[in-house]
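Consider the two complexes below, in which subunit A is the common component and subunit B and subunit C are the respective partners.
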Partner chain A sequence: METQTSSDTYRPTKIFFYSSLVWLVIGMIYGLILAFKFIWPNFLVWGPLQVILQFGRIRPIHTNMLLFGWLTMANIGALFYVIPKLCRNQLSFPKMATFLGYFWNFIIVVGSIALTMGYTTVTEYGEWPLWIDILVVIGVAMLAMICFSTIANRNEKQLYVSLWYFMGSLIWLPGLYIIGNLPYKLLSGVPQFLIFWFYGHNVIGLWFTTVGVGLIYYLLPYLTKNPLYSHRLSLIGFWTIATFYVWNGPHHLQNGPIPLWLMKAGIIPSVLLIIPVWAVLANVFGTMKGKWHAVAHNTPLKFLVTGAIFYLITCLQGPFQSLQGPSSIVKFTDWVPGHAHLPVFGAFSYVAFSVMYYVLPKIVYHNIYSNRLMETHFWLSTIGLLLFTFSTWTAGVFEGFAWIEGAQYGLQFVEMLTAMQPFFWIRTVGGTLMFVAQIFFIINLYKTIQLGKKSQNTNESSA
Partner chain B sequence: MDKDKQNSEVNNEEMKEQHPKTEHGAPTDEPPTPQVEDMSKDIRMGNAKVPRFLVVTYCLLAIWAFGYALMAVPLNQVAEVAADGETIFSQSCFGCHNVTDEFKVGPGMQDVGLKYSEEELQKILLNGIGTMPSLPNLGLNTEQIKAVKEYILTL
Partner chain C sequence: MSGFANERSMFTYVIGASILFLIGVFGTAYLPFYDDQMQAPNENAELRNYSVDSAEYRGREVYIREGCHVCHTMFVRPVLADSALGPISQPADYYYEAPAMLGSKRTGADLMWVGNRWNADWHREHLINPQKILPGSIMPRYDYLSDQDMEDLIAYLMSLKPSPQTEGRPVN
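Presenting the complex of A and B:
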């Protein structure tokens, strides 16, 4: 069709965006099953399902699908849109970018199948078997090549700060991924877990966070129509996050069998991460100055600012949890999933929602179908997330103290878990709200895409 | 600035690329809900100084970091729980066991070390035996189990 060619420049972005939405739904369904299993351990234990939907198998499916299917694909789609805009050119290797879209989906499919069949490397967030890791590295290499080549051929002299963040992320991700997925074969014992956690924390910090912050810096000036508050602050943020983040791994083995100096080497940079985080937030608030009223009726901006605030909360919790005392309480409890959902759902999925609401109209040439649906998406997500996180945090604190007092064994342990039922219920309700919110999100985008197609067609025929 | 010139060139290019049918009654009052608009507007960058409170925070963090690096000591909460074999025995076992060979609810503990090897004993304590509950179920942790095992071996 003729119409296809005019939108072709955005084809890679579209593939990545649309597929990410599919993984968002499937991944969240897995999450809901997990939540229900906390209430009824025998939920869906029926025939072959009791193997396929075993807790230990679907937990990594849930995390990998949402981290690499949803958020990573949404991020890549955004990179493919934003980088050319900032460079005032077209995406390099568009064919390869399109191929990468299909290739990435293939990775998620085979990865999920492998996990369903019980193959795992037990590396958190890197559970996929080694041969799939190789595909991921190839995919990331393609991604880096496309993006760097686009940036190298730019028509704009200045490198806007978002591009710094993107380039950093694209250098770090392949390194992290390779380092993180090898010790499964090469190391054992404590060193293995040190590397696992190096990977586990940095894939959040040097990929999702840095791309997310780059996107915040891109969207905020557009959505507020204000200049970015301070270039200098954004650079301080960039260089300090690059310096401190890689040290974060050992704080996951706090009070564990690692030497004291290593614990300190994990704790101190974790706390110093307050520097880049507050730099970002100061920049966000500085840019928002005089435009706060806009948040009320601009849902994408609302998502963006709320995402930034969730980022702040996450990164106040993070340094706190890394300290020995708090860590000895909250470690191994339900606190942790609460904390983990805050950045990946609260902060950076919100940024991704904002990006999609902002970018989609520009690539399908139609305004978002319904503001009401956008608002519903926002409020259900936010209420759901708050129920989820506060219930897990509360349960986690109870569990932590009970376990220090010896309830980590036998009957007392079971009694403790039974006593946590009300919190598991709240978590499930919160999770359901979060899920329903995404259904509204997707319906809204689907309608927008359909309307965009229709108006393009009528336009074409009348011309 | 020549950047502006560059801008307008790109504008033209993007205008061409843009689909004509773009107006979809988005509210005109600023700032608008997302609408199809051209991307030509440059992102402007301010150059505000680093706010004072951030500078202060950064300094405090640096001081804290040095202090922590020098002074922090490991934390050992396990040690805070009583791990003294005799105390544990009198609290958790004495209701059912004598320290002599007299039978109470269960057999007396005297010479239990002759009856069982340490490994067998460990198994009994961890899993319980007959009607006796396992020690984890009695709320004892690994350290405490070890302590009480060592204690009954001396009887």
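Presenting the complex of A and C:
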């Protein structure tokens, strides 16, 4: 038994996938606690929990756990499966890849403990203290080494479009992580805040987005059994996202204390981002041609296409809200968390769900246990997300106009919050549905893994 | 799809992706440090340049530890939605801010000039039980803070005032 598991070429992918599911559940529980605290500020204020689950301390735990525990681990697991497939070889340094799985879990655990104890650098999505950031950089360096070495030793000459995106992401992630997490006492003021948002925006755009798009390009031809629609579009998409995305940070200081040239330097590329997004979507829709009927009964494809559409909506909404006028109303309101959940949950978690439904049967040698559970997962996630986003967007617009009418602090501010309670309720219901959906997801994968083990055992005994 | 010779080398992608990234880093993360507006502190910045052994400095550490910046911005814009918050934020105001806490979400009110708004007793009562002072508030109770932490935090909040030099700055 022991020798069998150590010779399993998919072991790194399994460790990353299975761990990511644990962080998905815990991270979403933190999210739900936050949502309930909007309704009952004294929710779970009980003994030591008052401090341990205090809103200001757990909000970064929620974001870091889901970004780096769930989605990053799901992405790395996928990279470790997809890259060798596209290179027609084996993963380089498999032992290091396995070690990285445990190491990454250790980082999430100590990071969450540090945040619970109130050690934070304030950098959004990079709140972990410096010594944990150093561990992350070491981990990312190992990841890049494993992946680049696998690609360099490939048996397939041609580099498929997914590999461009993966190579780009693996260069950008260490770069932006180091710049974004420089010791925070070293810098100060508005330029430092610009670096915070250089990091905050690019970790979404040059890691989660670009790995996610690479995975869309990998999966879509398999799930539709159509060749990729346009090679040229994928070229345009890759080079334009590489050019424009990195400039997006300053739009987080729209109308703020920054010089005009910088505001323009931030907003113009934000609007131009429509080019790479549309290039990806045109390619997706082109590839789907003649295969739309398959979406009805192919749940992984349904997740993938819906994820791509959520990606489009996010990237039409983002440039809009970065403009001076819309920003002066919705910035700082609940609109923002609505927008933030759309790419991270709607677009790229959907891609990760699709990847897991596609990859897991291939690595545990058993079909997904239940189609009905997959469908339940899809519909509860989607209905939950739509309730969540539309309630926060609506609340955000109301809040923005209430501020314009003078409800900016004190009793008037609180009256505005009271009026928002129905929306906070809808958000919580949506979040609960999103959470319950993941329980069905995990049960389904667990059953699949168990059945895979059982059938492998019977194969061995009959042989 | 097999006819693209230039897509057989990793070199193009590695170099291209690195260069485009570094150009963006230069523009948005490096150049701002050298903008004239970012170069010098003003009196507001001096007021917020606390010495390490002051109550305000310790209070700011409490503010960071409890994650107040998660729900409160310090960022007054020249827009109608911020018209009652006080003088508009200037880059020079933040000269010594490390880490900078301009914020991204206003679940509670902006605190850029909160020192002008209430007095220390109000803050104490409000931090111990926000709902008592502002019925309907969703701010957590901070009744678990030690007396020292509480007084330091109040000292910090009360120090967030504009200097007289700022009085003439437009508020809308």
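Just so we're on the same page, the second predicted complex is superposed on the first by the 457 of 463 C-alpha atoms of A that agree within 3 Å, B and C clash if a C-alpha of one lies under 4 Å from a C-alpha of the other, contacts with A are read in each partner's own complex, and residues count from 1 in each chain.
By definition in this document, a contact is a pair of C-beta atoms (placed from the backbone, for glycine too) under 8 Å apart; a residue touches a chain by one contact, two chains touch by 3 or more.
Bear in mind that the values here come from a model prediction, so they are computed numbers and not experimental data.
Asker: For A:Ser188, is the partner it touches subunit B (first), subunit C (second), both, or none of the two (neither)?
Answerer: In the superposed model, A:Ser188 contacts subunit C only, not subunit B.
Asker: Touch test for A:Ile383: subunit B only (first), subunit C only (second), both, or neither?
Answerer: Neither: A:Ile383 stays clear of subunit B and subunit C.
Asker: Identify the partner contact of A:His231: answer first if only subunit B is touched, second if only subunit C is, both if each is, neither if none is.
Answerer: both
Asker: Look at A:Ile151 in the shared chain and tell me whether it touches subunit B only, subunit C only, both, or neither; answer first, second, both or neither.
Answerer: Once the two structures are laid over each other on A, A:Ile151 reaches subunit C alone.
Asker: Does the superposition put A:Ile439 against subunit B (first), subunit C (second), both, or neither?
Answerer: Once the two structures are laid over each other on A, A:Ile439 reaches no partner at all.
Asker: Report for A:Asn255: first if it touches subunit B alone, second if subunit C alone, otherwise both or neither.
Answerer: In the superposed model, A:Asn255 contacts both subunit B and subunit C.
Asker: So, A:Trp247: does it touch subunit B (first), subunit C (second), both, or neither?
Answerer: In the superposition, A:Trp247 touches subunit C alone.
Asker: Once the shared chain is lined up, is A:Gln408 touching subunit B (first), subunit C (second), both, or neither of them?
Answerer: both
Asker: Of the two partners subunit B and subunit C, indicate the one touching more residues belonging to subunit A.
Answerer: Counting contacted residues of subunit A, the larger count belongs to C.
Asker: Under the stated touch criterion, which partner chain does A:Gly400 make contact with: subunit B (first), subunit C (second), both, or neither?
Answerer: second
Asker: Which subunit A residues lie in the overlap of the subunit B contact set and the subunit C contact set?
Answerer: In subunit A, residues 157-158, 227-228, 231, 255, 328, 404, 406, 408-411 are touched by subunit B and also by subunit C.
Asker: Give every residue of subunit A touching subunit B within the complex, in rising order.
Answerer: Per the stated touch rule, the residues are 6, 9, 85-86, 88, 155-158, 160-161, 218, 221-225, 227-233, 236, 255, 260, 263-264, 267-268, 271-272, 274-275, 278-279, 282, 286-287, 291, 294, 297-301, 324-325, 328, 357-358, 361-362, 365-368, 371, 404-412, 455-456, 459.
Asker: State the interface residues of subunit A toward subunit C in the complex, per the touch definition above.
Answerer: 37-39, 41-42, 45, 50-51, 54-57, 59-60, 118-124, 148, 151-152, 157-159, 163-164, 167-168, 171-172, 175-176, 179, 184-196, 198, 206, 227-228, 231, 239, 242-243, 245-247, 249-250, 252-253, 255-259, 262, 265-266, 328-329, 331-333, 336-337, 400, 403-404, 406, 408-411, 413-415, 417-418
Asker: Which residues of subunit C touch subunit A in their complex?
Answerer: It is residues 1-2, 4, 7-10, 13-14, 16-18, 20-21, 23-25, 27-29, 31-33, 35, 37-38, 64-71, 73, 75, 77-85, 89-91, 93-106, 108-110, 114, 117, 130-131, 134-141, 144 of subunit C that touch subunit A.
Asker: So in the complex, the part of subunit B that touches subunit A is made up of which residues?
Answerer: 3, 6, 10, 17-22, 24, 26, 30-37, 39, 41, 43-51, 54, 57-58, 61, 64-65, 68-69, 72-75, 77, 81, 134, 136-137, 139-141, 144
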